[in-house]
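Same chain, two partners: chain A is paired with chain B first, then with chain C.
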Partner chain A sequence: MSRNLAERKFNRNWKGILLFLLPAFVLYGLFFIYPIFTVIFTSLTDWSNFRTMHFAGFKNYSNLFKNPTFLKAIRNNFIWAFVLAFVQVPIAMTMALVLARKPKGWKLFRTVYFLPTVISGSALAMMWKAVYNPTNGVLNAILGIFSANNGTNWLGDMNTALVAVIVQQVFYFGYFMVIIFASRLGIDDTMYEAAMIDGANVWQQEIHVTLPMLKPVLITAITLAMAYGFRHFESTYLLTGGGPNHVTETMGTFLYTKLSSAKWAEGNSIGTTIILLGGIMISVIRSVLSREK
Partner chain B sequence: MKKLTIAFLMLALVLSFTFAQGSSESSNKEVELKFVTWWTGTDTKGPYVEQIVKDFNEAHAGKIHVTLEGTNDADGIFTQIMTQLGAGNPPDIFSVKPQAEFYGYYDSNLLMDFAADLKGEWGGQFAEGIVASTTINGETKSLPYEMAYVPIWYNMDILNAVGITKAPETMDEFWAMCEKVTKAGYYATAQMTGGTNAWFSMLWYTSICGSIGGAGAFDNIKNDWATNPVYVQAAEILCKMVREYTTPDVIGATAPVANSHFKGGETAAYLNGPWWIANLDDARQATTEFAFFPTINYKDVLIGSVQSNLAAANTKDPAKRAAVIEFLKYFTTAQNAQLVSNAGSVLAVKYEPLANSSKLAKDLQARINEASGFIAYWENCIGTSDVVAEFGQALAAMIQGALTPQQFVAQIANVM
Partner chain C sequence: MNTTKKLGPVDILAKFFKWFFLIFFLLFMILPLVWILISSFKTNLEFNIKSPFALPEVWQFSNYRNAFSISNLPRMFLHSIIVAIVTTALNLVVAAMSAFALSREKFRGNNLILTFLLSGVLIPIIALMVPIMKINNFLHLYDTLGALILTYTAINLPTSIFLVHGFMSTIPKELEESATIDGCSFLQRFTKIIFPLTKPGLVTAGTLVFIYCWNEFTYAMILTISEKARTIQLGIKYFQTEFSIDYTGMLAAIVITMLPTIIVYTFMHDKIISGMTAGAVKG
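Presenting the complex of A and B:
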């Protein structure tokens, strides 16, 4: 449609168009724009409990960035974001590509890998607590077979807790796998036939046909994974509560602690930081990945 | 003038008739109150609370009717109450845990203030000095109800097995007990650093502070936390206790984990309130004894703290307010307190212990009677829940050698 035609159509129907857009715009404004501006505004105050709020400038932010626990939380969120984007997504992609070749039992594996996505996070956390238990845990029992059980408290030891929490999350790649798998099935088989005629083996087909074709969905998956990494909360809160001594703390768990203490302004300054840092990081990554060769 | 007087009198007559009718309507109208609590259903206090509400409704038929609502999920009810308070719409009457999050609402106008009502006969129903624990800046916006006197529980089966016949009374005896028990393959104490407040270890810490600094150890805690040597000394003792004499899963362990170690007969000493008695079978109850924390500087200091409060929504309706007060006065009579004590609870209201009380209930009452003073939980004195949460974090670091006792105190001070 040419631009002139579109303009003419808009000029003729603008009232109707606006009327149809209005409900979505109102809801978006009410439940997204308004809360975000409230969070940003109140983060510049001293609001806590039911006390009257006063403007405090950037005091909450300067305190926040002097707080060693918060700095640990930022570092951990970056680790989460990069591990999910560049470890979990590649695992998901690899599994999707293997399953797309439809080996024996591929439907079963597809279901098995996706299943944890629909299981409650609390139930999974309880399971992993049992796996990591220092005295009765499955992990130490397996290590015991190889005489390597040192009775490590995987979630309690300051040296292992962060790795333990992240590793269990990496296993849940089913969500990204399904997205990539669906996109992979959308690639026309004739492209692979053409590649085969040109003498490309399976590996070369995946590198030179599949990956370029999957690039948009991979960028989306990486963006989603990074967004999840920056707002990560659930499994850390359930498994370690951010401990021991904050080594697994994330901005999300730190924010929760502050809001639980009715320190609304401090909590909202953390929320604003999550939005800003996450937004900047994701924009940078997207722009790097989207760059054409 | 005469006409004016007659007109005025007629107007007065009409107005008084109208108001009289109105007041008669309002006095005739039954006041409906909702009482949201976890003391329902299969909760140990459930049947007794239901009985009290039923009796009250029968005695006030046509005037006040109280409807009991809730489930026996105390945490769920707490979350519900906090959500309702956050939305500015608390239930008419409710039971609530005395956490900092709740006390934060004392600043609001959402809670009914009972201070004036308690100055009369009603205040006398409560044990001496207890109402002060829920009074802030002269406002009593919740009533203390269930008390948590927390003695140390000893598994005498384990102690007897290692040749100890009575609970340790000094720290030397305590450490000797820990050594013997550990050598025999048991764990001396049940501890935890997980959860929102590292409950058991926080209780041990409170006991140690009480024994070093007396019942008033926390009187000025918000101001002297970073400077008072009592807190560092207590941290040293707790660190040794957790590092050397507890279960290997202590870091990150939550209350059910620590509970299971004592219930399973793995640990010799444990700290919890009387509400947990029912979790032990008769045989274990028979071989469990209550004791004070060993004396360091002060003898027989017991942790005594409000475990659950009763509160009500503030209202401008005088009839509703009167109905709420009427119900709460009835709920907190000695007779009804005695009834609820059947559930093993110890209450803030004065009452005679039941003749048929269990051995442990009588044992606890004896400790309460002997106590030289009461010290509230550390978590109730130190401040907001982020400060409380820091206890478990810093304790985990101290156990692993990442912090000294001084640094443990300093790390918590940084959050205050």
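Presenting the complex of A and C:
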């Protein structure tokens, strides 16, 4: 009797399980699986709005890697990835460690540092466009106080544009900070007490107790930062559109120009490059980091 | 720090730098926001001629009225709200269903499917611009709110499934077992027992999805062409042309687009921060 019930339940559940997984599978199929295969396979064709699809081998790729604009875009994606991973994450970690010692007002600091993460990137980009404005922007006005206002057109000048776009993003470290902070609070207080009894000062505690314990979360943060670097699109698109003269171009903005001119196959060859290059860099960094220290 | 020890010069210097950076970053996050908030109340003449640090002579609330009338802001606002609410609901139902099937039923391949579903976060969505646009074309959704709703629902599934699955796994099995004996079906166990108990997990996941939908720009741009389906973030792109002669009106419009998430964040920051923290741990 009881075995009967169990069997019936088992049989009935299979239908339920499949039915419950179906919506997710359909959406994954439509928006992840099918697109990935399309991106990879059609990148080997000459598909665009103007011609039917023919196999074209690696022509798109050879053109792409001969194109100086695209090479600039790749270089910029590497700059983004490394600045986010090795400037933003260390800042985030430092601030997380400072806040974990619970200085006065630490909750306020944490909440405010995280605030930009919930505001739309497009609104923040427009705000920074106003800040960087050469004639009535607040940045040049602040520099004016120190009589250093040279009327720099931060986003329009080829020498400053990339730095300007990166700076407005790199100090928004709140996301990585809260991840690291949560992990830091997970460390048992007794470890610090033991270190203190052994005569370790605050610095030694952080270096010998905190850092080794934070290694997994730091690897996660660096991986995510790398991934964001290769995916970067929005604020560059809104602040400079990849200009002036392509100095801020990224693979994302370049892909978007291909999409706008209906060059689907060329666009997809960029998409494939983003997927592959990002994937390779992330696995390289992960294997290097998890081996060391 | 440690008050029992005497402070050496290094400690004093460290303390100075600690507070210097704490306050520097605080100002970095806040001041630009305060600056555009104040500037959004100025006349264009004031904004262009007077010092950027000055307060408005008369607070121009009319900028906000103009922002609403010039850029069709109310309609875009409505679109954003519809997209965010419907996407959140749809995403949570789909995520909760698959999380239920995977967390409450142990079967062969269970972990494999979960890993597959969660690995969706690793995909750089930006690389899939062309096919995602084509799919929405194919479904006759291009330039409709439906395109945004379906796409955002899918994009947010990996995170939501992770959060909801994690939460569901903590609900004790005994509750369902007794319900099964009482004659509850698979569906009833989900709707009557597990779904209500998962509420805190759903609130966290739902908040993240809602914020994502409200803030999303790139796919809103790729999947729409006309005002028929334009959301507020996309509207920002057109502010510059629409407000070409009314710069401070544009700043007012930007403030309006920022406000909803700032308000939500003010009331729910702890929940949002812990949700985003949990969402990242899977790496």
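Keep this in mind: the second predicted complex is superposed on the first by the 258 of 293 C-alpha atoms of A that agree within 3 Å, B and C clash if a C-alpha of one lies under 4 Å from a C-alpha of the other, contacts with A are read in each partner's own complex, and residues count from 1 in each chain.
Everything that follows uses one rule, which is that contacts are C-beta pairs under 8 Å (C-beta built on N, C-alpha and C of every residue); 3 or more make two chains touch, one makes a residue touch a chain.
If you're wondering where the values come from, they're calculated on a predicted model, not measured in any experiment.
Student: For the combined arrangement obtained by superposing on chain A, do chain B and chain C clash, or do they fit?
Tutor: After superposition on chain A, which the two structures share, chain B runs into chain C.
Student: Residues of chain A touched: more by chain B or chain C?
Tutor: C
Student: Tell me which partner A:T135 touches in the superposition: chain B (first), chain C (second), both or neither.
Tutor: A:T135 contacts both chain B and chain C.
Student: Which partner does A:G241 reach: the first (chain B), the second (chain C), both, or neither?
Tutor: First partner only.
Student: Touching A:N153, do we find chain B (first), chain C (second), both, or neither?
Tutor: It touches chain B, and chain C stays clear.
Student: Of the partners chain B and chain C, which touch A:P90 in the superposed model: first, second, both, neither?
Tutor: So A:P90 meets neither chain B nor chain C here.
Student: Contact-wise, after the overlay, does A:R51 reach chain B, chain C, both or neither (first, second, both, neither)?
Tutor: first
Student: Classify the contacts of A:S261 with the two partner chains as first (chain B alone), second (chain C alone), both, or neither.
Tutor: first
Student: Quick one: from 21-29, 57-65, 75-83 or 93-101, give me the piece of chain B that collides with chain C in the overlay.
Tutor: Of the candidate stretches of chain B, chain C runs into 75-83.
Student: Could you give the residue numbers on chain A that contact chain B in one complex and chain C in the other?
Tutor: Shared contact residues on chain A: 135.
Student: What does chain B use to touch chain A in their complex?
Tutor: 100-101, 104-105, 107-108, 193-196, 247-253, 384-387, 389, 392-394, 396-397, 400, 402-403
Student: Within their complex, state which residues of chain C touch chain A.
Tutor: 1-2, 18-19, 21-22, 25-26, 28-30, 32-33, 35-36, 39, 47-48, 51-53, 93-95, 97-98, 100-102, 105, 107, 113, 117, 120, 122-135, 150-151, 153-155, 157, 161, 180, 185-187, 190, 211, 214-215, 217-218, 222, 233-234, 236-237, 239, 250-251, 254, 257-258, 261-262, 264-265, 269, 272-274, 276-277, 280-281, 283
Student: Which chain A residues qualify as touching chain C in the complex?
Tutor: Listed in rising order, the residues of chain A that touch chain C are 9, 12-13, 15-17, 20-21, 23-24, 27-28, 30-32, 34-36, 38-39, 42, 94-95, 98, 101, 103, 109-123, 126-128, 130-131, 135-138, 141, 171-175, 178-179, 182, 202, 217, 219-221, 223-224, 227, 230-231, 233-234, 237-238, 252, 255-256, 259, 264, 267-268, 270-272, 274-275, 278-279.
Student: Along chain A, where are the residues that touch chain B in the complex?
Tutor: Chain A reaches chain B through residues 49-51, 133-135, 151, 153, 155-158, 161, 240-246, 257-258, 260-263.
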